[in-house]
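Read from first to last, the chains carry the letters A, B, C and D; within each, the first residue is number 1.
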Amino acid sequence: MAKLSTRQRLYQVIFGTDTKAGQYFDIALIITILCSELVLIISSIKSYELQYSRIFFLLEWGFTLLFTVEYIVRLYCSPRPMAYARSFYGIIDLIAVLPSYISFLFPGTQYLLIVRLLRVMRIFRILKLAKFLKDSNILLRSLLMAQGKILVFFSTVAILVTVLGSLLFVIEGPDNGFTSIPASIYWAIVTITTVGYGDIVPQTDLGKALAAFTMLLGYSILAVPTGIITAELSREMKTQRELVRCPNCSASGHETDASYCRKCGAALPENL
Amino acid sequence: MAKLSTRQRLYQVIFGTDTKAGQYFDIALIITILCSELVLIISSIKSYELQYSRIFFLLEWGFTLLFTVEYIVRLYCSPRPMAYARSFYGIIDLIAVLPSYISFLFPGTQYLLIVRLLRVMRIFRILKLAKFLKDSNILLRSLLMAQGKILVFFSTVAILVTVLGSLLFVIEGPDNGFTSIPASIYWAIVTITTVGYGDIVPQTDLGKALAAFTMLLGYSILAVPTGIITAELSREMKTQRELVRCPNCSASGHETDASYCRKCGAALPENL
Amino acid sequence: MAKLSTRQRLYQVIFGTDTKAGQYFDIALIITILCSELVLIISSIKSYELQYSRIFFLLEWGFTLLFTVEYIVRLYCSPRPMAYARSFYGIIDLIAVLPSYISFLFPGTQYLLIVRLLRVMRIFRILKLAKFLKDSNILLRSLLMAQGKILVFFSTVAILVTVLGSLLFVIEGPDNGFTSIPASIYWAIVTITTVGYGDIVPQTDLGKALAAFTMLLGYSILAVPTGIITAELSREMKTQRELVRCPNCSASGHETDASYCRKCGAALPENL
Amino acid sequence: MAKLSTRQRLYQVIFGTDTKAGQYFDIALIITILCSELVLIISSIKSYELQYSRIFFLLEWGFTLLFTVEYIVRLYCSPRPMAYARSFYGIIDLIAVLPSYISFLFPGTQYLLIVRLLRVMRIFRILKLAKFLKDSNILLRSLLMAQGKILVFFSTVAILVTVLGSLLFVIEGPDNGFTSIPASIYWAIVTITTVGYGDIVPQTDLGKALAAFTMLLGYSILAVPTGIITAELSREMKTQRELVRCPNCSASGHETDASYCRKCGAALPENL
């Protein structure tokens, strides 16, 4: 391997996962992210916030500085800094540090909804964990294969919910909690998904009959996305097994986690 | 192509989807329908209604006139106007414009339940979107194939719900909210579909035991429609793949969205 | 066909479904049962009961006399009357008429829980509808094939619910609504089946954490019965298609509702 | 069979299931465990506890002594006593008797949370029933095969719930019941699993819109674990049937509960 510049080596460590150092960096990063999330979650509890506000303040700034350094180093060593800065993770990385600086520069802004929203956005950094999840590929591919059918399904649900919500708005009216069509659509979603909070509930007999119909509908169309995912997943898993061929005897049909050929025992190529 | 009369060309544009103009008309129609729905939904919110009642009134009449023109043109250019007028979409198209004229001719009727119901019925026009959803065919065919089993399933649910509702009516009685057998059947549906509003809840020990039984029943029979749909869908998808044969080498087993033969690379006939 | 005695002919009509008369009798019976159910359900509504009590009383006795005659004729023409009387349907048929006579012989007993329970038991006669449902066989066979797995599943749920209910009883205690272990098990069932009435709800943090765990558990083990039923149903449907062989060319693999051979077009034997 | 020492024979009876005596012992043990559970559950009901406290006290000590004897004998006859004592069932067996002795030695401790928790832990002994459930193997194997995918699924749910909970905490705030991020995550779990207690419910429009999104998300990702389990179970059942080969004609593809070859009728080897 040719000699690498510091910047290239930094790139390998921070963005890559092939080297030992790169893996250690990833693990350290994940732990730091999880810790900063934990602090954020715990500091949202009033009683703790009042008691340990000083500690939370220091931890907050500690994490902010760490993530700032990480962000700057990423910008520095990335071959195309702008591409990184404009990517999903680049924006999330920026958002993770921004709120602290904003509230430092403009005192009082930490109480604004938008700043507080930005602060919890940091939680999306957890998505970086995703690359550690090996089986996620097959699940994702099934979802992608099924996306046409899922879209049809959600369009159907959207139409049903609008129709049913509108009907109940007219039948029940504002006196029974169905104050507007959007509120009634909210009720229809709560009912068709079988969540059933019970905060808005039909009172008239006709409304109850329609609600019962909505529930049974929700109950049975629940079967449709399951059927879609299952059918795609079954096929995907089968295709998967047929894709891996033994390099020695070219037999296929191995389990996805098989390491050796089931016919001749030769080592199989790394799968997935 | 032979010269077409104006009426025939109108028919092509309004009912057909083959020509460019027909496609543009469809898209414009869908957007208009969605806008009119949006106005209907927003105008149902009291605070907006009070503030912008004039704008809503004008928009309402604008959409009514547009849809009236569309309805008349459809009647005019259709080869069999009565068939259109009596079809599902013909009735929906009529219902979409009727309420405005009724409330214009008979002032005050806009507050009648039936007129307001007719107004929200307009939302069914959204179903015209359906033809844009490509994957809906395979889903619909699965549902049709499974309709015998789904009927059995719903009959079973209907019987269970009647029996369980009747039992709880006798056990709990009107004092605990189970005021009549229909009300108890409503409770049974709320419970067996796992919606669980909590507006009617058993109070006695025997009632609670039966409720627990109902829940576990609902929990497990939920599996039946899912199983039915999944099994039909899997088969339908498999049949689908086997139906498409390469016109060159007659290989089958292509993915539903494949455009080229997986064996010889020849273009496949358009599928679905 | 040899000459049949009146009794044998009656048997054919009442118990059989092969003759035209037998089919008409079945349909008339089903309609009568549905009507008597409807009267029972409507008469449970207080306001109707008060207004039309006389009509309900007469209808009640009309149905009772009809069903009494049916029961006696069934006993008379059955080749083994005791076997019928002791069968499931025999007992249900008796129960359908008993309460009216009891409340006639012992006035006032119609208010007893047991007599009123017996009255609604009549609803089980609706199960006679079952034989009209053609697809019920395949569903039932799938359930029977899967019964071992379903038993395992329900035992697991029973153990989980007992353990979780006991834990929450100790953690939450009677002050938060978890008054006893049976009540807590009821809560656990309400939660694990995702019904979620909200009448008993954990208040402590530890209780809430355990409740969240219970929900996620319920959410994921819901997948198990579905998986079981789907897998059995898929197999059953496949076996089904392979069972029917064309009497002409002996090809198999026909759809369950196919009437003609897909290879040679010969009429297939009646299936299911 | 060679002569066995008393200890070896005891081991056969208590730990084994091959001999008649071993099977009788198992059945007697299961019945005793179920009885002791029943006493525990019933004694948690206040009114019974007050009335029959003496009987419950005696029964409690009776079971404690029985289980103590069982524990000691197990320790005595086990070839490796320490391995048993440290195994899952060894610890559960110890925990089943400990609380009674603790509350005897240190009066008053029976009211401590930890002692009462230990008492209900005894319920885990019910898991010994598991070995009587024949079909549990295939279910367990499917779950194990799918554990990678299930882990991915639960990680996704954990991330979603944290993100959605945090967003609603900021949007709704403590005044609407979303007192802290952990409380909001609890709400998100209640909603995404479609349990829907209704104890915490969004009040603002933005909150309701996000809640509706959460429900639809929960509704559709519910399909994923089902798809996973179903796909694994189908495959497992197929593999199962292919594993059993007739010793006579080596035909495969038998049903899992088949006792004779479907081709030549020879007895099949015991399966599962």
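Note that a residue touches a chain if its C-beta (ideal position, glycine included) is under 8 Å from a C-beta of that chain, and two chains touch if they have at least 3 such contacts.
Source: prediction; values computed, not measured.
Q: Comparing centres built from CA atoms, which chain ends up most distant from chain A?
A: The chain farthest from chain A, judged by C-alpha centres, is C.
Q: If you line up contacts by residue number, which pair in B-D, A-D or A-C shares over half of them with A-B? Let me know.
A: Repeated interface of A-B: A-D.
Q: Is the number of contacting C-beta pairs greater for B-C or for B-D?
A: B-C
Q: Count the residue numbers both chain C and chain D use at their shared interface, divide by all numbers used there, and answer same if that is over half, different if under half.
A: Different, since under half the interface numbering is common to both chains.
Q: Find the geometric centre of each of chain B and chain D from their Cα atoms only, then give the gap between the two centres in Å, rounded to an integer.
A: One centre to the other, that is 42 Å.
Q: How many angstrom between the C-alpha centroids of chain C and chain B?
A: That pair's centroid distance is 30 Å.
Q: Residues of chain C that touch two or more other chains: which are they?
A: Only 153, 182, 185, 194-198, 222, 226, 228, 230, 234 qualify.
Q: Please give the residue numbers of chain B that touch chain D in the complex, ascending.
A: Listed in rising order, the residues of chain B that touch chain D are 194-198, 226, 230.
Q: Which chain A residues qualify as touching chain B in the complex?
A: 148-149, 151-153, 155, 159, 162-163, 166-167, 169-171, 174, 179-182, 185, 191, 194-198, 201, 205, 208-209, 211-212, 215-216, 218-220, 222-224, 226-228, 230-231, 234-235
Q: Name, in rising order, each residue of chain A that touches chain D in their complex.
A: Result: residues 37, 40-41, 44-46, 113, 116-117, 120, 123-124, 126-127, 129, 133-136, 138-139, 142, 150, 153-154, 157, 182-183, 185-186, 189-190, 193-199, 222, 225-226, 228-230, 232-234, 237, 257 of chain A touch chain D.
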